[in-house]
């Protein structure tokens, strides 16, 4: 299979030293095996995620994503834009849809971009990395590269919100998407059946401003994973990953629970299954060590 | 009947009948006991060969009565469909072998059962005549349409398109009815976004241009008599001149009255000129014709509130208990009048349940929202004048608070009150009450000046009976055009509240039914539900005591009185239910294919074993539409029931004559079970009151039982539904147990 | 089937549900020649799968019995089951229609004795009961089925079951060699009455129909209540076979929703109100019903039925579109989450059983309609001059209750008669 | 009352629905709500909403301007998009909530101490400064958004979490010294400024 190239939008959290830097490490490893070349959009900016609204209005917010698209068009206009972060993907895709849907908005946006010497057409596909995997490789294609099946690991596929709604992955439902379970299976692990909190919200960005309320949601998410007999949780979203993994201490303190549930990215599962080392899979970036993955990676 | 009766009895051995009963014995019984002329057994009677055997006997042997002893009368009807002969069915499969266990002990009683059903089928055939049809039929391809509104005009135009002559009689001086006063109508086509032209002018044009349609304006009916195929109507103008014309069928499209909003003083109607009804608003919009809608004092309206369900869906005295169906959509339409003219006008629709059904309804609702109409779920308590404006006080049911809104104009969505003429049943009740010396009940419904619409000369009264709230609707879900006056179809808002689109559909269907009535009447065929039945009641005048029960009890008002006060049957009004036959104490009414004898002789030919054989006999009379199919389906499920029962299907429990019960008890039956359908307000009976009447009549059976010194438990009457596949057999078994308890009848000879 | 006689004075009615039967019978009772075709093995359609009608609470099979008797007794109607339209060409007053008939493998010799069914082993989901029960590979579609004739499931053809069935039949009624047939006929007018299907509840993901055993659809609920149904009329819930006494009804399940069907299906409010009475009928004071609704649409004079149900203390109405359902793992009870918008009250209510009042999806195949007619966004055939002499009847025309569907079918019969009368020179 | 608020009150008088339609992101959808409440029931933070979205829509129609704009409710949105996914009328509820929050904030009506309001503003300022989000600065600013003492307390509470993140190299102290950013900040700022101008002009132009 020839090399596949995409115009890559890594997003702030994937930068070195940022909260999802280990995600990026594993994505690179995974792409290496799949022969994917990610061409970073030059000088990309933050998408403002879903929390930029208070300060920014509609147009300034859309302009942020439009700028990224404009830069992508300039640099690799013939490639699909791919994001690994759910919020980055959502913001960019939403901007694309709204611009294409509304001529006036397109005009206004371009007027704003012109102030920075840019211009956008918004014609490129905007895709999440998961879509690339499922649609461009397929489960069978992904399975081919498995060197170390993840035997004996039971995993709760936590899809969360923003890779799922409002756009979601083609062919999947909002309430019970199956792709993550299928990916888990493809890597040789066992998905938790009917994982109740699969698409429940973790509080998202409100973890910062409303920690208590968010912790209550996260507690349910982890609890349901334990109920399903999970060894770990896997997710496609950096916000989900951070929220569900990093606050377990605080949740334990408040709710007298004893959570110690590893939360990993799909790309980490894949890197390990594809024979990469624990470091290459970003496992050293876990706050709660994913022992079972480490074991397989170490073999 | 000049023909000699020649009965062929055909006994099928198929489907296990031959294995379970001795068919040779059945053949013998048919010949010896029931006197069939030709008896044949066949291994597979319903196949081509078996059918041909019977047809050959009809063609070559002169068989004119065919008794088919095989499966239920509901099975294999296409195979056993012989022309020109009377056909009866002995139910050996569903009636015998499928409901009895295949055991040695049961063998004898099963055979007894089969023997009897063969006797009964042959005997019934003997007392039946193939109906010849009515000689007095007329073909009058002309429809009388009462009312020149949208419903009436639609009926006329549609019937005319099918080739029939139509006459419209319109009370007022112009065609168009209520719709003509409206500016626009609710859209009838995608995208269901905007009000559209009413189409009334176009419809009037179609009426006026048709050479098949005659219009009488300023006219009403002063007398209507006859029957389908031969109605005669006196059409009288305002000036008093009368013309008499003949018609084949009648469509009554007499429309509705506007609810009298003066009964809603709390909503400000009558107190402020700026509180109007929907009809008045449409008139104002018509006046404005796309320009600003103005109040009575000439001010442009800047804000308007629509109050839904004004005086409707309410148990309060003087209010309408029902929903008028169209008002939500109408308010949206009218709010659009304002919004389309000037989007800055505030329009608020205050509702409790917004009702915009179907494909177009929801689109129209959304379109209204798109145009900026506000919808508030709220309960309005009061409208008060406050300075120049009106204050609408209401409880916002979403925000859960009492609030108010100031507006220039209030529109009340008041309901439709049917213009259905005289409530003949209330009239009859009043008359009866007076006779009993009781105070006539205070009518609580909204009163509208009552004039008869049709002025029928029918003995039961001048108009079509009302169903509920004054509407002439059909009682039946599956049969929306059923009225209780054959050949007269009501349509439009007189039969059910409705909007214009529905009225157009409804009127087209009513025109169809009118045409059908004309065609059927010409051939002497019964209308629904016994469609195609060519029999009609025959009446032996010399025996009649003029008791009038038949004329009173006929559910369809088919029987009048002649000058000498004898009943006068109007065949084409008759639905062939036999209620008159059941009513007649002197048994002078019968049908060629259904008579006191055709049933009475069946129950008499049943073999009644003597007391010591311990084989009781139970007569079951089962409604052919519900109880009988229920028993059939019980048999398909192999539900067992007593071998001592003999089931006879009847057209309706209302056709059951007391003599059958008396005869049965006298001749040694141990019990009688009657199974009719549900009575009461939600009656199931397709002959309206058959089951009800039977229950009343049978309450009088006690006298008979007493005179015979028999226990009252020996006769039971039940309401049985077609789904009672467990219960119907259980009722029979219950009677068998009762007999076991109280003992056998002493009347065994 | 070479003996189909049809001319440009013949009316073709497509669909043998209550609308199609009505249109066919009404026209035939006017003396017109009618060919009535039905895709399935018997007529009766959706109403034959209902336990009771609203608002009278009478049984649909009662009216069906009358209609069947009218049909059986009328020689003007020719009924062809297992038949569909594959092609239409021509114009008003002169259509050429190709009919495709799939094999039933049972001929008119069948006496419905049931011997074939007894010997066949294979069982399949019973479509009559919406898959809630099983039926044999040789079967009578239901107890009221007309034609009263068995059918062999095509899945048993070529298996030993088929041979066994054939051997069991004493009447030479099973013909395993039957082939698909195609016939082209001429007709003057076509009445399209292909009815509706319950909206696929699997698509309404928040309600977990595919995940939670005790979430069922309104049409399934009818089957559970029906004595002819899979439980013999007992209200037993799927998860554990226990009696369900506290039942939630969710309105607009698939209707009035841009994610599913954007139209209001009209019948569902009345249907749920009716079904609350079933619960009360079965369990008296122990029976409880809760109706979650947006607007209760008990339209026109039958609003009194709503008033009556509303007055019942055991029936609760909550103005709310339920947000989602999950399952109490221990009891199997569905838990409904949402907000009562009348005053903002949040709830998480457990019930024994949830009934989704699923919407009415027209069975008009929008993309595959054999000839050009005007079909609206909702999928219903609009009345349009451009449709020639193709007239929709019943739920092919709009989301209608039985009463209105029959009304509409009667009107369609007249529209068809106008065309064939013109063809016959009766003018108009 | 802020001047902008004053101006809006005068411009729209009692027609709050119209004001929302003109000034709030996706505000033209508010009129399309049919009060089913599926949004209210779908929100993960539902119980914390004083007025759920559908009620806010009704309040807007009822002209409850003050109550709506000073409410904390729309600040409860976690952007989970459940309401959007389920709304039978396809209202972009998430965006309307964001839009209302933004508008209330601009008018100076949003509750000053609403934590999400503060955080969201911090976030915007953080990201627009250098074009990319600086998680550490954001985090520190976040701790201290309720004042110095509160900030110390929060920081202590969050200490372990922060340490964990440092340990796993998912939070870099280098960020304090500049950290990530884009090259063309000038261009970005020009774009954002222009976008803001166009948006304000559009709201002024809107009429009905």
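Some points to look at:
Per-chain residue numbering starts at 1, and chain names A, B, C and D are given in the order in which the chains are listed.
Please note the rule applied: a contact is a pair of C-beta atoms (placed from the backbone, for glycine too) under 8 Å apart; a residue touches a chain by one contact, two chains touch by 3 or more.
Model, not experiment: these values are computed from the prediction.
Number of steps on the shortest path from subunit A to subunit B, with steps defined by chain touch: 2.
Here the chain at the heart of the structure, going by C-alpha means, is C. Across the two interfaces under comparison, B-D and B-C, the one joined by more C-beta contacts turns out to be B-C. Separating the centre of subunit B from that of subunit D, both taken as means of CA atoms, is a distance of 63 Å. Chain centres here are Cα averages; for subunit B and subunit C they lie 23 Å apart.
Centre-to-centre separation of subunit C and subunit D, using mean CA positions: 49 Å.
If you average the CA atoms of subunit A and of subunit C, the two centres end up 45 Å from each other.
Looking at subunit D, residues 34-35, 54-55, 82, 85-86, 89 sit in touch with two or more other chains. Counting partner chains per residue, subunit B shows two or more touched chains at residues 354, 377, 398-399. Looking at subunit A, residues 174 sit in touch with two or more other chains.
By the definition given earlier, chain contacts exist for A-C, A-D, B-C, B-D, C-D.
Across the complex, subunit B is touched by residues 18, 22, 25-26, 29-31, 47, 51, 53, 56-67, 69-70, 72-74, 109, 111-114, 140, 143-144, 148, 170-171, 226-228, 232, 256, 262-266, 295-304, 307, 319, 341-344, 376-378, 380, 382-384, 398-400, 402-404, 406-411, 413-415, 417-418, 421, 426-428 of subunit C.
For subunit D in complex with subunit B, the touching residues are 17, 31-32, 34-35, 54-55, 58-59, 61-62, 89, 208. Those residues of subunit B that touch subunit C in the complex are listed here as 14-16, 44, 46-47, 71, 75-78, 158-163, 188-191, 212, 313, 315, 321-325, 353-363, 377, 397-400, 468-469, 471, 473-481, 496-498, 502, 505-506, 508-509, 511-513, 515-516, 519-520, 528-529, 531-532, 625-626, 629, 633, 636-637, 677-678, 682, 684, 686, 721-726. Of all the residues in subunit B, the ones that touch subunit D in their complex are 343-344, 354, 365-366, 369-370, 372, 374-377, 396, 398-399, 403. Residues 206, 252, 256-259, 294, 319-324, 337-341, 344, 346 of subunit C are the ones that touch subunit D when the two sit in their complex.
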